[in-house]
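Note that chain A is present in both complexes that follow, paired respectively with chain B and with chain C.
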Partner chain A sequence: MKALISILIFLTTTLVATAQNANDILKKMDEVLYAPKDMTAKTKIIITDKNGNEKTREAVMKQKGTDMRLFRFTAPASQAGIATLSLPNDVMYLYLPSYAKERRISSSVKSQKFAGTDFSYDDMEAKSYEDKYTAKLLKTEGDVYVLEMKPRSPKSQYSKLISKINKENYYPVYTEYYDKGNNKIKIATYVFEKIGNYWNPKEVTMTDLKKKHKTTMITYDVKYDTGLSDEDFSVRKLKQ
Partner chain B sequence: MKTTSISLLSSFFLFLATAFISAQEEETKIKFSGELKTDQRFLYQSPNSWAWNENRLTFRLSKKFRNDKGKFHTEVWLRNIGLPEITTSSDLYNKGIVDPYNLEIREAYVQLYGFLSKNLDIKIGRQRIAWGTADLINPTDNLNPYDLEDVLDFGRHRGSDAISFDYYFTPSFSLHGTYIPIFQPANMPVGVFADALSPEIVLPPPYHLENLNDNIDMPKYTLGESSTAGIKLKGFAAGIDLSLSYVWGRDGFPTPSYNTISPGDNPGGLNLDIQSTYFRQSIFGFDMATSIAGVGLWAEAAGFLPEKEQVMTTDMTPMFPGSPVPVTRDSIVLKKEMFFKYVIGADYNFANGMYLNVQFLHGFVNERGRENLNDYFFIQYEKRFFDDRLKTEPLQGAFIVSDWNNVKDNYALIYSPEISFMATDNAEITISSAIFAGKGNNPFAKFADYDMFLFGFKYSF
Partner chain C sequence: MEWLSKNILKLRWPVIIIVTGLTLFFGYRAGKLTINSDLISSLPDDDPVAEMYKNIGKEFGGNDMGMVALETKNVFTTEVLQHVKQITDTLLVTPGILTVTSMTNIIDIRSEEWGIEISKLIDEYDLPDTPEELRKLRERVYSKEMYKGAIVSDDGTTTLIIYTTLDDADKQQTVITVKKKVKAMNLPEKLYFAGLPMMMNDVTGLIVSDLSKLIPLAFIVIAIVLFFSFRSVKGVVLPLLTASIAVIWTMGLMQVTGYEITMISNNIPIILFAVGSAYAIHVINRVNMCTEKDEKQKLVKALAYIIVPVFLAAATTMTGFISFVFGAYLKMIKDFGIFTAVGTFFSLLLSVTFVPALIRTFSLKKSSVTPVKDSMKNFITRNILKPVLIILNKHPRNILVVWISLIVLATGGFFLIKRSVNMQNYFRKDNPTRVAEDVMQRKFGGSQPVFVVFEGDMQSPYVLDLMNRTEQYMKKFPEISYTQSIADLIKQMNDVMGEGEKIPESKAKIQDLWFLLDGQDIMPQLVSDDLKKGIIQSRFKSYDSKKMKDFVSYMNKFISSNSNDKCKISLTGLPSVYVRMDRSLFNSQMSSLAIALVVVLIIVGLILHSFRLGVFATIPIISTISILFGFMGYAGIPLDVATVLVASVALGIGIDYSIHVITHFNHIHHNTGNISRAIEETILTSGKAIFINVLSVAAGFLVLLFSQMAPLQNFGLLVAISMIGSGLGALTLLPVVLLLQKQSLKPENKNSF
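Entry: the complex of A and B
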């Protein structure tokens, strides 16, 4: 009987410790990814189809905290000027220069592909992982932790994510995305570089396994902590 | 005196703006962009008449001032539109007839951010002031004149020469104001839809219309007569975008005020002279937009209150030459009572790339008065393929009811499926159809003979 109690205590302690570790890792990853108060950057998006044909999009991006982002396309000409503003509580606006006004967009757009890329609006969302997912530590291997992350929201297009997190610096290096049928549908790989005190995801590649299609997002001219205010993430700025 | 006031006011603002601009060291480069667009349509019905021919070159120039203190922006259309209408050999000497084209300044303005106060933005010049949260058809969007040239291009407006401002109390709570010194009427449809929005003139037998003349009394170009002004309070609370607005302006469509009927040269023939004016009105607006459970929702309403009762006098004195007194009859065209136009709509993005948008509209752009507003149901279903390069809209159109007591004789149906393909990043080919059916006195029911094929090509640069 004592042995059984000991095993139960051991198992419970281990499970709690594992869950806590996983959530701690997730929290630390958020702290690394969202450490800067704000960020301004240029982005080059290269979309490659299964035949190797490439298309390029360019944009400028501003971000503050974990839930404010302004993304404005600068190329190609057919998309230049189109901008999206993401605010807390799934409030999103789209600005199309030809309509001369902003348009509130429904949060169902989050499951859609972002501007023809392999990223969905959901993937592009600047929201902390801890807020979006519950985590379980599957294992540690080499210099990474392997986490299973399940969406907190039932509306998510994914059933789970399996992510490899760098043990030393807590940035993600690899993520698998699973659909509601538990099929692996996308893979993301990351290349981080250190700019000042912060780790910057200078290159993120998302591959759609079914379509054999990939998108590489390269971030450059990155500036951190320039003092962006909430006003910089307003409809006023979106229309400018 | 009033003209002088307008000039002084304009000069004052221009002076302030010029002083402000010169204070900025403009360092950004001018951005040049645009589109080449062709739009060709022919009727399905034999002999397949050409319904539309438009080749449009859009030029846009914009320049941002240093430190995002403002911008200059202009958009110009250079178009070859319409079909050559050559009737005599002398027309062949007129290049404007042989090869019809026009140049249109859609927008040309300077916008200054943080002008005098960090919370104030002003915009001076020709500008589009787009109001409303609904999709394409906005009952509250009444500052710019309607551009109804292409009646299938719902919601298009021309720019107005105006001064406007936005004052931001907080990032999500603002006050907008616009002053437009010169009244601009709506321009009417051209091509096969030229008569689409004109009221039908029906005479009792044995009379028939022999000649029709019309005159329009434009408002005098004075501060009080030709001005339009608008104000809008806009905010965001509890996840909902809301606004309240007011416009003091003139209706953009001419309203008949005095008709003279005289005998024609033939038995039963009548000549009709119509005199029209643009009446003044107040427009009270409201709109909202939000997203609930992933569904985008919006509503927009405008209450139109004519300043005076609109009375049409029909003078039949020439028909009764022996009458010692004028023979006239007055009829009320529009009562001095508020009538409401409104839109409610919703949209949803499905996970597999499908998009659905539905709207209900009460009162189209040309409809006036409580008893004359029709009901419109719009639907747009979209599905994208091949990494968004191919966009299909197999279900797109509208159902219109002009009399709920007798729907089968008072309806219209528009079905306009469309396919567009991005051949390259900047080149888009579009083919579509517009199929019309209907009965009754509804503008779209009159289009039943105009089923057409549409081809479009757009290259952005």
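Entry: the complex of A and C
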């Protein structure tokens, strides 16, 4: 009887899996990741170099929708007050408190690293996966779908990503990044937790395999749907 | 001695078995010997400048940089940019490569009215293809120091693709891959491959090619000399076998003790062939000379007679080699000294154990010697030794005059001797690495790294301003055209923030700007992680020792008046190291020669039971060395890491000829009391042996003329010349000295001439 049940479960899951279109999975992942209307959280960024030396930064983060995000660093003291504001259409503003003025930054170089971390601007971009990649389902294993994602833009620094996505809740748990020579260059791992109705990426670690360098971003004190307005993502607010 | 000889022969089987066993073992290990072509690893640990250079290179990765230079009429064309992109993209995904910087991927930060534009200098997906776009690109490149002369040459004909290798990558494998991949593209532009990893790879290639070509060549050349000298199988096989085994043991021992082959020690096999075969020759010669009927008795007697002289000959030669251990600056020269001495010892050991054991066991009799041998010896006697003897008897003072004039003439050459420490001279002019380095020098102000190290708070305006001022000062020196430091980046970012291209006056501003720079690929090449150390990276144009020396003192002047507790400044880099090496070259020459001379004098004094005779014995070789230095001066052969070895090596080997002559002369003079007979017999008998020995040793060293590395070619030539000189000296100058000295002691003998 037990055996029969497990066969049944196996069959149904396999059937479901094959029935799943890879791009549907991507869409669902986007829905999970960008479900909240807005979010306010604290972020701790731990950067570990190849010798194991750690540097820690802290920031307050605000996000609205998929394309408005404000980062304000609070620690270390030497960087407290520095803020970045990302707006739609690749518009970004930088605020350096000691200069007491903001500068608009237009960057077409997405492979540049974000603030000394192992995340590139490309990785940090709050743009939906579906817009950026086309997906192919490679296989299902255990409780994850294994997707191969190819960037839609030829300008991407990657040739492909291989991602493992939780079958039940559609959040990513593991991603490999490949360069254009098909060498695996980076690995991201994710830990998600459920807060209210949403899944929060509590801990994301990006490892640069070449440099043996890694960055862990921990998100805590998360508040969802507090009704942030567009005004909260204005240049005026950036300077405060 | 007879007891020892008897025992050696009694134990012939164990000797043969042990030698065979050791040869198999060392042969196996020698096969695993690795090559170390890293010039920097050979710099001494106890010299602070060299030490710092090594550390800075490691810490800031400057030594792992490679460059592909692409030369054409004009790099500002779509086609060339397309090719640069092709190379860049290929290198970016090549295993072992960390970063790639070229025109097609370098970041361009501009300050616009509305803000900061961060983009690539060129949009690699939409390369400039109209004359207008290309003109703008050219203008942009020439407007920024970051590009002009750094990534595109001033004349716009050459552009660089610069790459750094991963720490744990096999650097040589990486550069081979780079070269292979880029060459496979079959691009129409001229391509050059430069940088230290490439140079190291090239040196490895030269070492391998030298080893595989020169060892067989030395083998053949010495075999030919031996054949014409002895005309017997034994006379050819045994010395070559001994030398080969000594080479195998030495190379095997190097591997076992954790040493590697370097660009100096790769000539150890050649030297051992030339030097090591001589001892077996002595032993065989002696055996042939003995007249005993009983083979065993004959061997015992010959061996008992020859052990001491051969040992002493080896001892002086070893002294010549060992003398480098105390004087040399580079570690690879010390290693060379140790292992050639060890190899010489092995040759000696084998000659007095293995050779007689083989002769005894396999009954290698004299029978194979043909009469042709005598005709050869007669030839030497008739055409060389006899005429020498006639001159000696008729015009002894003339010989003295000739030698003295040669020496006086040579002294003029002393002052013309140049010193060269530049590793580039290791390559022949047509060598691809040298050609590439020449292009780097002409187009990009050289590739010899210069580092100015600053220790202090790298975020303080004071330190950054000091760095900035140092750079301004450096650039006033004609051989410096390019500098880069964190201060430059901070200045540029400050400009981008709208406050001008200068170091901000507050630390807070610097820290803010740092936020933008943090994590950039360039940062670890300029500042240490803990922000306590930073460097100015620069390149030195010239290979001229004088200019290097001037630069070091020019910089030291600035450093001594600006370095303080808040910021310690120090200078290192190849010019600094070369200046140290240059200074040490002369010292090392003098100290190794002095050590060799003193030890040889002691050994010879002991052999001859007279310090005075010891001094006489060194006269021919010292005269030869003086003439040699003069020759180097006139011929323009510089004193360099290889030629610095010549004098002591020549002393160690060349002294043997004098010992032969004095011993023989004394023996006969003592027995007969007749000076002229003593001279005649000495010249005719010892002369032959000396002539053959000079011939075989010189021939062996001359094989180095076919080396791929210029200093080794010079080394071979100079040692060969010294061998001929010291042989000639022993046969002409020394007898005259002995003659005149005896005459002055006993004036009544004068009439007998």
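Brief remarks on what is shown
As a working rule, the second predicted complex is superposed on the first by the 219 of 240 C-alpha atoms of A that agree within 3 Å, B and C clash if a C-alpha of one lies under 4 Å from a C-alpha of the other, contacts with A are read in each partner's own complex, and residues count from 1 in each chain.
Here is the rule we go by: a contact is a pair of C-beta atoms (placed from the backbone, for glycine too) under 8 Å apart; a residue touches a chain by one contact, two chains touch by 3 or more.
Predicted model, so just to flag it, every value in this text is computed and none were measured.
The superposed arrangement places chain B and chain C in clashing positions on chain A. In the superposition on chain A, A:53 contacts chain C only, with no contact to chain B. By the document's definition of touching, both partners, chain B and chain C, reach A:108.
Applying the stated contact rule after C-alpha superposition, one finds that A:154 touches chain C and leaves chain B untouched. Of the two partner chains placed around the shared chain by superposition, chain B and chain C are both touched by A:99. Once the two complexes are laid over each other on the shared chain, residue contacts for A:181 go to chain C alone; chain B is not touched. When both complexes are aligned on chain A by C-alpha atoms, chain A residues 49, 78, 99, 101, 103-109, 112-113, 115-116, 155, 211 touch chain B in the first and chain C in the second. Of all residues in chain B, only 33, 68, 71, 111, 113, 121, 128-133, 166, 168, 171-172, 174, 236, 239, 241, 289-291, 294-298, 347-351, 353, 387-389, 422, 425-426, 428, 460-461 touch chain A in the complex they form.
Listed in rising order, the residues of chain C touching chain A in the complex are 89, 92-95, 98, 107, 114-120, 123, 125, 166-167, 459, 496-499, 506, 508-509, 511-516, 518-520, 529. The part of chain A that touches chain C in the complex is made up of residues 49-50, 53, 73, 78-79, 82, 93-94, 96-99, 101, 103-109, 112-117, 154-155, 179-183, 210-211.
Residues 47, 49, 55-56, 76-78, 80, 89-92, 99-101, 103-109, 111-113, 115-116, 155, 157, 211, 213, 230-231, 233-236, 240 of chain A are the ones touching chain B in the complex.
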